[in-house]
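Chains: A, B and C, in written order; residue numbering restarts at 1 for each.
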Amino acid sequence: MEPILQVKDLHVSFQVKGGEVKAVRGMNFEVGKGETVAIVGESGSGKSVTAQTIMRLIPSPPSIIKQGEIIFQGQDLLKKSDKQMESIRGKDIGMIFQDPMTSLNPTIKVGRQITEVLIKHQKMSAGEAKKQAVEMLKLVGIKNAEARFNQYPHEFSGGMRQRVMIAIALACRPSLLIADEPTTALDVTIQAQIMDVMKEMQSRLGTSIILITHDLGVVAGMCDRVIVMYAGEVVETGTKWEIFKNPQHPYTKGLLRSMPRLDQKKGEPLIPIIGTPPDLIKPPLGCPFAARCDQAMKICERIDPSATVFSETHTARCWDLHPMAKEVQSS
Amino acid sequence: MDSNPIKVMPTPVDLTAEDFRKIGTDEKEAEVIQRESISAWRDAWQRLRSNKLAMTALIILGLITLTAIIAPWLIGKIYGYNYYSNDLLYTNKAPSSTHWFGTDDLGRDMFIRTWMGARISLIVGLAAACIDLLIGVIYGGIMGYFGGRVDEIMNKFSEILYSIPYLLVTILLLVVMEPSLGTIILALTITGWINMSWIVRGEIMQLKNREYVLASRSMGAGHGRLLFRHLLPNAVGPIIVTVTLSVPNAIFAEAFLSFLGLGVQAPVASLGSMISDALTGWLYYPWRMLFPAILISLTMLSFNIFGDGLRDALDPKLKK
Amino acid sequence: MSKGKTLIEVEGLKKYFNVGGGNVLKAVNDISFSIAEGETLGLVGESGCGKSTAGRTILRLYEPTAGSVRFNGVDINQLSPKKMKAMRRDMQMIFQDPYASLNPRFTVTDIIGEALDIHGLAGSHAERKKRVEELLDMVGLNPDHATRYPHEFSGGQRQRIGIARALAVNPKFIICDEPISALDVSIQAQVVNLLEDLQDRLGLTYLFIAHDLSMVKHISDRVAVMYLGRIVEMADSEELYANPMHPYTKTLLSAIPIPDPEVEANKKRILLEDTASGPIGKEGAASGGLFDLDNSELVEVSKGHFVSMPKKG
């Protein structure tokens, strides 16, 4: 599959009082055309920083992009000028954010917020833009689109606003949509609807999606491939089947074990992951998960493991997967 | 669930079997906090200290205050003049080695008078700010904490007071009462506290719905504990900033009143009254206006810069 | 219910807020339930359904508009301030936001020790310190961190501090108001296990308020589902999930994403039109919503399984 986005060896840091927080430490992944890739991780794992770096929306200072390449349609986004980025954002890459309450401008009518994008990037006339905007509102499932076009954001509920955000982000038919926790602020019933809208839009427009989330349930329903991040590193990647049915990294396994499931019998205890993620102002020398890992070995504290490959899509970084680990433990 | 890897990670050469011994985890170990412990106050102080401009302002303010305290008597003794004795043979002299800042139209030494004026201005500024603080915090605290009807009535009262032109109130008061330092301070504070009370009210209203306040209530805490242990300490940042910024306002207001002839009465001088006195012959004797004007500008500028620095230090969210 | 005697009885509880213009927000609109000693009742619903307000009104952090809350048979809304203060030792709360629920100017010792001070439970300074360290140890925190400030801890650690604070007065009943929704997935299980462990050790009774149905199912003996200020269904947790009867409960259950691609691929969602304006209106007016709740009542359809059904006649 032809990748439309390749992130290569990305390192991003934040300058804070008392040092440098190494938020992303060597991120590598690809997104194929029409594919939905989930980046999963807990707060501070670097998933949102990665998304914002791709969009070049990350404020600098305090952030510093240390090294790496972000190749989008054959060009390195990190080498683009701010001006060039402006014409890529919204046109070739769309983005939706976590909080639909604050990501729309409250003083501008909803319709105009969509037409603005179209007029700017597609050079449409006002009339064409309006027609297209109403079309988009209909597509994302807003009833009475013509009337809603002239309303202000406060007249929309949270779920409706997120639909509008999707309409804005997809108005110019971008080839990539980055959704940063798009349903975290919404209720479950609304979340389900928004996920359906995103899937529907993807199948119509063929957009690739990067979904940033901490919710494994959403991932299972929505994505093709999953990237599991921990402490600024990718610890495991695979198709959703590989990740959910055959996880290899202790962190992925731990996450799945620690979540209660509706279809589980009562009385089964939860198995939590102990401790807290490392402070990335002083990242551990070895595997970042070692301090919380029940499989930890001496080597884990000393050297950060590289990837073991299980299939074309499935890789995991853990010393326990090394052949020597099995030999020693069985002896 | 075992899978067979199709490609194994490269092995660093020096690995031994020993490296692959399990070490397990220690729950307590996994909860250790690495960063150094620091209170909110020390954190703010460190931020303030790293703000060079604000620290310079603070040092200048310190020097001005110190000089205003000691110059009129200590240096006056050595140097042999005071602020009120006139020498009609030595009127309107330019700065020289005997009179560092020159003399005024009555032959009084300008150096001592300028610092005496600074002292009066600072006293007025600080006293007014302190009174504003006291009344504003109590009044605003009650409004914000109790809310509802109490807040409505008290807030209406302060709004009415605020809507009366402040200059009118002040001038009336100064005409009715004996003009003195006390009267000026009273005149400045009669409406000056309102701003502070609104700031405190807003802060308290916002804070009282925080979960830690609810938590304290759910444990049975009374009004006193809630107000003095939880609410006011967390509102103290904006309060300090408001106080700091209200000092130059009061100094300026006093200078303005003195300039109109409503301020302190001769022979006592404030920086404002000195500038007013110097107005008559300022083209011929510019030093009479220059030194008090420089000092008042420097004082106000320093207070404002320092106040801004304090705001940034106490509320880092405002500034990235 | 095989558990002990009834500890908490909530009857006809209402909490209306004045929102101006003669309108009231009926945040909690006539809810009734009881919780037995040692039992956990889960209260679930989406944002704005009134579940948090219900929790706060039960603890009398808000004065109720109508209804009663009885603790061990005593109506707490009739208590004098002095008796109420003593009663607060028995009823405590754990809050949602581990960042907003701890006073940033207090050290951990002062946060946990505050309840001891209010009720005069620690005679001396040393006694207070010892008790705080004991509590920290109980919730799995390092007592060496007692002099630190809340912002130095992670979310999960802060939530443990909040739990230690609630435990300081040896309460019998704790309202857990979304105690894990602000935490990371890998931390949630730690806190839930801690809460379950403490319940076993100290014989606590919980009202567990949350929007995460899978977690509620895990921790609760019984679950009540709230919608627009009312309880629409209440049953044993197994029963509720196996046999949901109210359409709202069904919608809610079908919307929860399950971390299993197989289940997700075969799932059928029941969608609900989002037309409810919320429970704001004139005091006497109908509160709207989808299910004509004004003319409904809770009916026991099978043992212990209550569903809101239209009133007959």
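We take it that contacts are C-beta pairs under 8 Å (C-beta built on N, C-alpha and C of every residue); 3 or more make two chains touch, one makes a residue touch a chain.
Just so it is clear, the structure is predicted and the values come from calculations on it, not from any experiment.
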Touch-based graph of the chains, sorted into line, ring, star, complete or other: complete
Pair of chains whose C-beta contact count is the highest in the structure: A-C
Of all other chains, the one whose Cα centre sits farthest from chain C: B
Centre-to-centre distance between chain C and chain B (centres being mean Cα positions), rounded to whole Å: 44
For chain A paired with chain C, centre-to-centre distance based on mean C-alpha positions, whole Å: 32
Junction residues of chain B - those touching two or more other chains: 27, 31, 35
Junction residues of chain C - those touching two or more other chains: 157
Shared-contact residues (touching 2 or more other chains) in chain A: 274, 276
Residue ranges of chain A in contact with chain B within the complex: 17-18, 59, 62, 246, 248, 274-276, 279, 281-282, 291-303, 305-311, 314, 317, 319, 321-325, 327-329, 331
Chain C residues touching chain B - in the complex, by the definition given at the top: 56, 59, 61, 84-86, 88-89, 91-93, 95-97, 100-105, 111, 114-115, 118-119, 140-142, 145, 147-149, 151-153, 157, 162, 165, 169
Touch list for chain B against partner chain A, complex: 1, 3-12, 15, 17-25, 27, 29-31, 34-36, 46-47, 320
Chain C-touching residues of chain B, taken from the complex the two chains share: 27-28, 31-33, 35, 37-40, 210-212, 214-221, 225, 229-230, 233-234
Contact set on chain C toward chain A in their complex: 46-47, 154-157, 184-190, 192-193, 211, 213-215, 217-218, 237-238, 241, 251-264, 267, 269, 271-272, 274
